[in-house]
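Written below as structure tokens is the structure these notes are about.
When the chains are written out, they are named A, B and C in that same order, and each has its own residue count from 1.
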Amino acid sequence: MKPSETLLLATLAVFSAVLLRFSLDMPYAAAQAFGPGFVPLNLSVATLVLTAAIAGRRLITRRHDSTEAGQGPTAAPPEKPASTGHRAVLAAMVLLGIAVSAMHIGGGVLLPLTLLVWVVSWRLSGHGPVLSAGVAGAVTVCIYVVFNLWLNIPLT
Amino acid sequence: MVDMLADLSGGFAGVLTPENLIIIFVAGMIGTLVGALPGLGPSAGIALMLPLAFGMPTVSGLCLLTGVYMGTMYGGRITSILINTPGDAPAIITALEGYPLMKQGRGGLALGISAISSFVGGLFGLVVLVFFAPMIASYAIFLGAPEYFLLMLLGLSTIVLLAGADLLKALLTACVGVLVSTFGSDYISGHIRFAFVPELIEGIDFVAIIIGLYGLGEVLYNLEHRVVLKLGKPSFNLREYIPGGRDLREAAGPTVRGSVLGTVIGVLPGAGATVATFLAYALERRLSTRPERFGHGALPGLAGPEASNNASVPGALIPLITLGIPGSGGTAIMLGALIMFGLQPGPLLMIKSGDIVWAMIAGLILANLFLFLSNILLIPVFINLLRLIQGHLAGVVVALCLVGAFSLSYNTFNIWVALVFGVIGYLMKKNDYPTGPFILAVVLAPLAENYFRQSIMLGQGDWSIFIERPIALTLLIMILAVFTIGIIGKQVVRRRQTRPH
Amino acid sequence: MQKTTSLITAGLLGLALAGPAMAQDFPTRGIEFVAGYGPGGGHDTMLRAMAKIIQDERIVDAPINVVNKPGGSSAVSMGYLNGHSGDGHYLMSITSSHITTPLTTNIGLTFEDFTPIARLGIDPQLLVVNARGPFQSLADIVAADRVLNVGGTGTATIEHIVAIQLGEATGNSFNYIPFQGDGEVVTALLSNQLDFIITNPGPAVDFFEAGHFKALAISTEARIDAFPDLPTFQEQGYDITLSLYRGVTAAADISDAARTYLTDMVERLSQSDAWRTDYLERNSVVPGFLAGDDFSAYLARTNEVYRATLTDLGVID
């Protein structure tokens, strides 16, 4: 199983396990129909079962594949991980996290947003720092005019 | 019928002043722009224009608001097609089929077809509104919780259609979608589920989810694969943007079916445009001779839902103007606007203030026409704008997504939500987990859950309420038919596929 | 000597004058009206109507700005206002969620953490039936020989509580069904899926005029001007006097000057004709001005009613 799929299934499993724990605090049944805990409880159990089933299936097919691959002389070479791509995504996620934290703490959206667009454009999309700064500036101005001045949404 | 035409021409007489025409035109353009921005849909568009509308005479003010409403429905499709970021919930399907067309360099065609379908859908809905509004409203009220529940179930059964190759993965994402939808206050029991922070008391905002799942998820995916849209150089050759006869013929049937479906479902209070688009999509896929093209830029899958999306606008207005009952978030704010203008929405609205209502309807017809023309003419602008910034899309889309998420409740909480679902969307796309069932479950599951409980309570604990009501029984039979045909159909296909080996 | 006395007198006078002058120092800037829900909602419309009338009628000179702090059934706006404790330049609109949200969640704030300014109006609760149905009076409902279906918005809401109290008062057992909004309740009654509903006047008033619906009782202490022929529950022998309130509150620990200023502002607003015609009548809200400690006491009573109901229903411990 690819690491990204493992991560996805693990995240979903943890998520449903947490909801399962908290749905136990709510009534499962009601006088008529069912209570507020019914859907979360059953669905979180179903989600756990399904993640387990998919993970299990993956493990079985992989074992199956590897035995087959061992027998055949034309075993395909393992897929080369696109390491630069992975790094770009991870960097983007970290950058987004930092930018939103800055918005959260500082209260203003525009400044962190400008810096974010600049860095994304420069480091991840591969434009020069000056051009990227121009793009970031232009985007910020457009957003400020449309959202803040025209629609009165308090971005700052 | 003649009465209604007389009323309508009276309405046109009230609307056809130079100022009103300009207002309707500008309102349509504003609506298109607002609808195109991620996070801002019809509700936000109308609400943001409210202060402006109150400075105007009643008819002009209402023309402004309905023009914006109609415009957001046109606008929602633009960012869906161009950057895979639906501006609002009804535009999700548009992204599902329109964005693949964009990636194939046929974005102009997608925008053109969807504009035409939107126009036809809107026009159909308006015709129905003009001639049959009171009649439809008198029937619609007899639909209650049991019918709504079965309708939601019918919608949920389309998960099988949206599933793609791997049913297990589709079921998993659907289950997670249901879980996500359970957050927040449960009005049936009075409990508040999973409010780990105060912002969760009202649940997770659906629009923040789609901004993350589609918009941010796509950016992350493209960053990894270094996908750069190859759209060529800016060009204003109009022939590039006008759909050919073959494409139009392919889109004709779905547009008509989508129009009918959208009007009918738009009438139902609470169900609204989103459900209509999903059902239209499922219908087209079921009817298609080449269902395997769906998800990779199938024109019927674009045209049907787009038509139903815009047909649902007049549809949602039917209960509003005949009974004073809002059928969607957008019409709920319209209701507030009518009250602020000193009108009394309710069964007597058409009798007491008929002239104003008819002027509003005439305004809607004009808005639909203006919007169609301006949206066709704007296609080259949008396409060329995107060509201009195609190298900088990552930064621009991220910025739009974050600001859009912020605009939902004016704080950073929804940006965090979008971010989390952006990462999940990326992981899902990378590993071929379908997002359709997830989003469908998020929309429909809470409605299904609540209508089911309401039905049982209405029956005082007795389940026979589902088969004693004729419409409910019909829906029940339809659902069984969908499932049977679905399962048999799948096996037939499988047998055909295995035979040549 | 004479001179000194007059100097002292002048000094005292000066001091005495300085008192009111100090009070005039509030507000030092514009007043912010905080809506706990998004643009277009009930809170937003009320505050914008207030702001417009206050400015049109020149009730105060300070500029007024309406801001939306939506989220968490008013929990977000409560947190926001709590962050401005001691500052009188904020006025937040409140209704039942100001009490129910703190009761059903653990946001750590209650109505007591704020300075209640005034109740501006009430939404009385009506018992409404379909005019073509079998029940034409409250007595018919009490005498029904089956369990009746009654609809209202949500669970543990004012509608629900009225239905429960009515059941207790008459000895009937009613089957209460919660709906998501006024519109759905009205539709269900129109098509006879419900036997009667409990609702505020707003969504039903046009249906009375059209002859579709008939109101059988109202939850005020005396008959109201809008429905002079509609008897109260009390008149018919059932002691139910519960109404939804619409009011405003300010941050905790604000100065007396600020409190007086805000109370005076909304009191003069509530006495204006524009407020009565442009807000109250349009939204079918009944006047019910209540300021200061009376309003605080009212909130405390309302809080107890909700707490008791939520506990009985098992929603809270």
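The working rule: contacts are C-beta pairs under 8 Å (C-beta built on N, C-alpha and C of every residue); 3 or more make two chains touch, one makes a residue touch a chain.
Treat the numbers as computed from the prediction; the structure is a model and nothing was measured.
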{"item": "Longest centre-to-centre distance from chain B, chain (CA-based)", "value": "C"}
{"item": "Innermost chain, taking as reference the mean of every protein Cα atom displayed", "value": "B"}
{"item": "Chain centre separation in whole Å, for chain C relative to chain A (CA means)", "value": "42"}
{"item": "Between chain B and chain C, centroid-to-centroid distance (C-alpha), Å", "value": "35"}
{"item": "Inter-chain centre distance, chain A versus chain B - centres from mean C-alpha coordinates, in Å", "value": "25"}
{"item": "Where chain B touches two or more other chains at once, by residue number", "value": "48, 188-189, 191, 410, 457, 460"}
{"item": "Multi-partner residues of chain A (each touching 2 or more other chains)", "value": "27, 154"}
{"item": "Chain A-touching residues of chain B, taken from the complex the two chains share", "value": "33-34, 37, 40, 48, 168-169, 171-172, 175-176, 178-179, 182, 186, 188-189, 191, 193-194, 216, 219-220, 223-226, 391-392, 394-396, 398-400, 402-403, 406-407, 410, 412, 415-416, 419, 422-424, 426-428, 430-431, 433, 445, 449, 452-453, 456-457, 460-461"}
{"item": "Residues of chain A that touch chain B when the two form their complex", "value": "2, 4-5, 7-8, 11-12, 15-16, 19, 22-23, 26-27, 30-36, 39-40, 43-44, 46-47, 50-51, 53-54, 57, 82, 85-86, 88-89, 92-93, 96-97, 99-100, 103-104, 109, 113, 116-118, 120-121, 124-125, 127, 132, 135-136, 139-140, 143, 146-147, 151-155"}
{"item": "Residue numbers on chain B that touch chain C, as the complex places them", "value": "43-44, 46-48, 50-51, 141-145, 185, 187-192, 195, 198-202, 269-270, 319, 323-326, 332-333, 336-337, 339-340, 342, 344-349, 409-411, 413, 450, 454, 457-458, 460"}
{"item": "Residues of chain C that touch chain B when the two form their complex", "value": "38-42, 44-45, 48-49, 68-73, 75-76, 79, 101, 104-105, 107, 147, 149, 153-156, 175, 177-181, 183-184, 186-188, 190-191, 193-194, 203, 205-207, 209-210, 212, 282-283, 310, 313, 315"}
